[in-house]
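Both of the next two complexes hold chain A, though its partner changes from chain B to chain C.
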Partner chain A sequence: MTFVDILLTLLRGAGYTFLITVCCAATALVAGLGIAIARELGGAWLSAVLSAWVYVFRGVPMLVLLFIVFFGLPGIGIDVPPLLAMMLSLGLISGAYLAEVFRGAFAEVNPNEVLAAQSMGFTRLETLRLVKVPQMARFAVPGMVNELTTILKFSPFAYTVGIPEITKQAMALTATTMRGIEIYAALGLIYFAIYRLLLGGVRLIDKRYSIPGFAQE
Partner chain B sequence: MMRRRNFLASLALGLSLIAVGGCGKQGTSKVINVAVTPASPPNLFEENGQTKGLDYDLFDGYCKARGCTMNITSYDWQGMLGAVIGHKADVAFSGISITEPRKQVMDFSKPYMANDWDLVSMKSRNIKLANLDTLKNYSIGVARGTAYVEFIKTQLEPKGIYTVDQLKLYPTNNEALTDLQNGQVDLVFLDGTVASVYRKKLPMQDSYVFKGIDHLGFAFPKGSTLRPDFDKYLDELGPEKRQAIIDKWMK
Partner chain C sequence: MALLEVRNLVKCHGDKTVLDGVSFELEEGEAKVIMGPSGCGKSTLLRCLNLLNEPTSGEIWFDGEDVTRPGVDVRALRSRIGFVFQNFALYRHMSVLDNVALALRRLKKLPTREAEERALEELHRMEMADKRDAYPAALSGGQSQRVAIARALAMDPKVLFFDEPTSALDPIMVREVVTLINRLYLDNVTILCVTHDLSLARHISDRVVFLDRGKVHAEDRIEHLLERNDEVIDEFFGGEG
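Now for the complex of A and B:
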């Protein structure tokens, strides 16, 4: 078995790794954005509840939450499919981290612009939608890329719940060939290739929405 | 704006369909959800993307006799056992030892084969143990979640032979054997069946063999109705045909 054969065998799981990363990233984005916006609009009570949510989800280990969701919930009659279990564990944990990234990015928006919008009669929702979120999203790009990378690197947990992603392929292949060094080197290369692919996608979106001179003051 | 809303709605619908339908259970009663871990040759492994092995052949024979099909999902070892306990799978097999703690949370078929437990070492180290008196002088590696840990806790620890705290735990046999080759651990616990495969690939030897203490079984969720029928099939198969399947993979 040549190194190319190893790469081709592992690539059987690459689609699942990509799917897990994209689905969990989408979940994290929706959860993180929802929490950050609700914190901006909500009162002290809602903000305290959401802070507690973020505190818990940032603190709980990924594998523990995955086991609770996938193996624990069926015990009370809730059957969660594997990919949904990953979205509810990895996705929500990353969502909590993204909520903090967005909170920091909201704080970077110039308060004078918010004041100007309010003096022109913008409602809180309009100020958020037209002034704060467009700037916040651009400030948050580096933090979002970091979190996307983390999601990709946590995707091998999916094997625990039966999704045949690339790390599973590597373990199965190592069990029959005992060529661990070559197989895990090939695995690292594939992860790096997926990372570059995702990074390229983010850069394209970043370029499409970039404003010359913005965030360089 | 409407186009953007439609896009978001389609994305949400698409994701939920993937999440709910992607890996769900099959609807027909003739499909049996099987949990395996394909890192246990010769009992269960993958070759060119195909699931193979001794355990697979036995259950494949059952399915052919009863007209059912297998829906196989690969997990890591702990995930495989969790899938049976959590009723995610109807049966699990990959050389699973029948132990008392496991019997409390899952049902087992009749034992289908006896199994030795080998403490293996690299030939270059030339470690040979005539008895267990000097075992505590060596580091032992085991895969997490395997029955060896319970064996050491209940059988060796009370006699002062070895303690669970001295063990080095690894995700699977692969990592334990890699560390054995690297010289980071002196001995590794392997099933006799698994050791017979790896002895052909690695310059290793048995340093000590525990005989007659382990039996392998197919694991079913508690209260499974499939288990009695599978036991019935094992009786129908008979010891000679069962041994022929075992010999096919062990030799």
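Now for the complex of A and C:
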């Protein structure tokens, strides 16, 4: 079995890794954005509740939450499919981190621009949609890329709930061939390739929406 | 009846009284400047007038309507008052044209094409039409202020509020903006301007409301104010007159 054969064998699991990463990233994005926007619009009480949520989810180890969701919830009659369990653990934990990224990015928006919009007659919601979110999203790109990378790097935990992603394929292949160094080196290469692919996608989006001079003032 | 009539306006922040019974009037076509030492409540007054800050008590009559009564249509009020901020406050993620057209599309509900045509008219008036596709980061302070004025004028307001329009500019840009606001003044645009800038006050105002510690200390023509033997006013102008 050549190194290329090893790569091709492992690539069978790459689709799962990609799927887990994209689904968890989407969950994180929705959760993070939802929390950040609710904090912007909500009162002190809602903000305190959401801060507590973020505090808890940032502190819980990912594997512990995954096991609670996948192995714990069936005990009270709630069966959670493996991919959904990943989204409810890795996705929500990353969502809590993204909520903090978005909070920082919202703070970068010039308050005078917000005041200008409100002085023209825009409501708080319109100001958020037309002025704050479009700027916040651009400020948040570096933090979002970091979190996307973290999600990719945590995706191998999916093997613990039975998803045959590439780390699982690598473990199985090592057990039958005993060529661990080559197999895990190939695994590292594949992860790096997926990382570059995702980063390329983010950079394309970033370039598409980039604004000359923005965030340099 | 005056376009804007402020009666005994009070604004408190906690136990601090920022505005303490301010009263004055602004006629249609008049240009009035509000001056006074830092912290005397000038900017707070301007923000109370379009309800960005909620007054604690008193009345504000705008265009024949008491806008301090409960249930007033704040959006309708604000769309009739153009507001130009000292730091320009252009939306950094939008081009010059979009900055001016945004409220026309979203608040006045004009179709995009019509909104852009209207925005371009105002940009032409401010001699900024050639910068329509530029972003705020590429503009000088004076150019940014022109766009901010175009954005306010595009909504066809009954009055234009300026909050320290020259304080963020270098002396050359100050001259440029003073000339521009003077042109609006000569065009009979109703103006209420908060400023520290004596030169601006001389060029654009009919009368000056001089605030001190939240109260109207004096209201008069600028040259008459400068001729007064008034300790507070003399100290503020520092012998500039």
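The definition used in the following text is that the second predicted complex is superposed on the first by the 217 of 217 C-alpha atoms of A that agree within 3 Å, B and C clash if a C-alpha of one lies under 4 Å from a C-alpha of the other, contacts with A are read in each partner's own complex, and residues count from 1 in each chain.
Assume a contact is a pair of C-beta atoms (placed from the backbone, for glycine too) under 8 Å apart; a residue touches a chain by one contact, two chains touch by 3 or more.
Remember, predicted model here, so these are calculated numbers, not experimental data.
Touch criterion met: A:Gly121 reaches chain C, while chain B stays clear of it.
In the superposed model, A:Leu84 makes contact with chain B only, not with chain C. Shared-chain residue A:Asn146: touches no atom of chain B or chain C. Of the two partner chains placed by superposition, only chain C is touched by A:Leu130; chain B is not. In the overlay built on the shared chain, the residue A:Thr176 is in contact with chain B alone; chain C does not reach it. Applying the stated contact rule after C-alpha superposition, one finds that A:Gly213 touches chain C and leaves chain B untouched. Touch counts on chain A: comparing chain C and chain B, the chain ahead is B.
Across the two superposed structures, the residue set of chain A contacted by chain B and also by chain C is empty.
Chain C makes touch with chain A in their complex at residues 50, 52, 74-79, 81, 83, 85, 87-93, 102-103, 106-107, 135-138, 148, 151, 155.
Put simply, chain A touches chain B in their complex at residues 9, 12, 19, 23, 26, 67, 70-72, 74-75, 79, 81-84, 87, 159-164, 168, 171-178, 180.
Taken together, the chain A residues at the contact with chain C in this complex read 110, 112-113, 115-123, 126, 130-131, 134-135, 138, 211-214, 216-217. Per the touch definition, chain B reaches chain A in the complex via residues 11, 15, 18-25, 35, 38-41, 45-47, 49, 73-76, 78-79, 82-83, 85-88, 172-174, 177-178, 198, 201-202.
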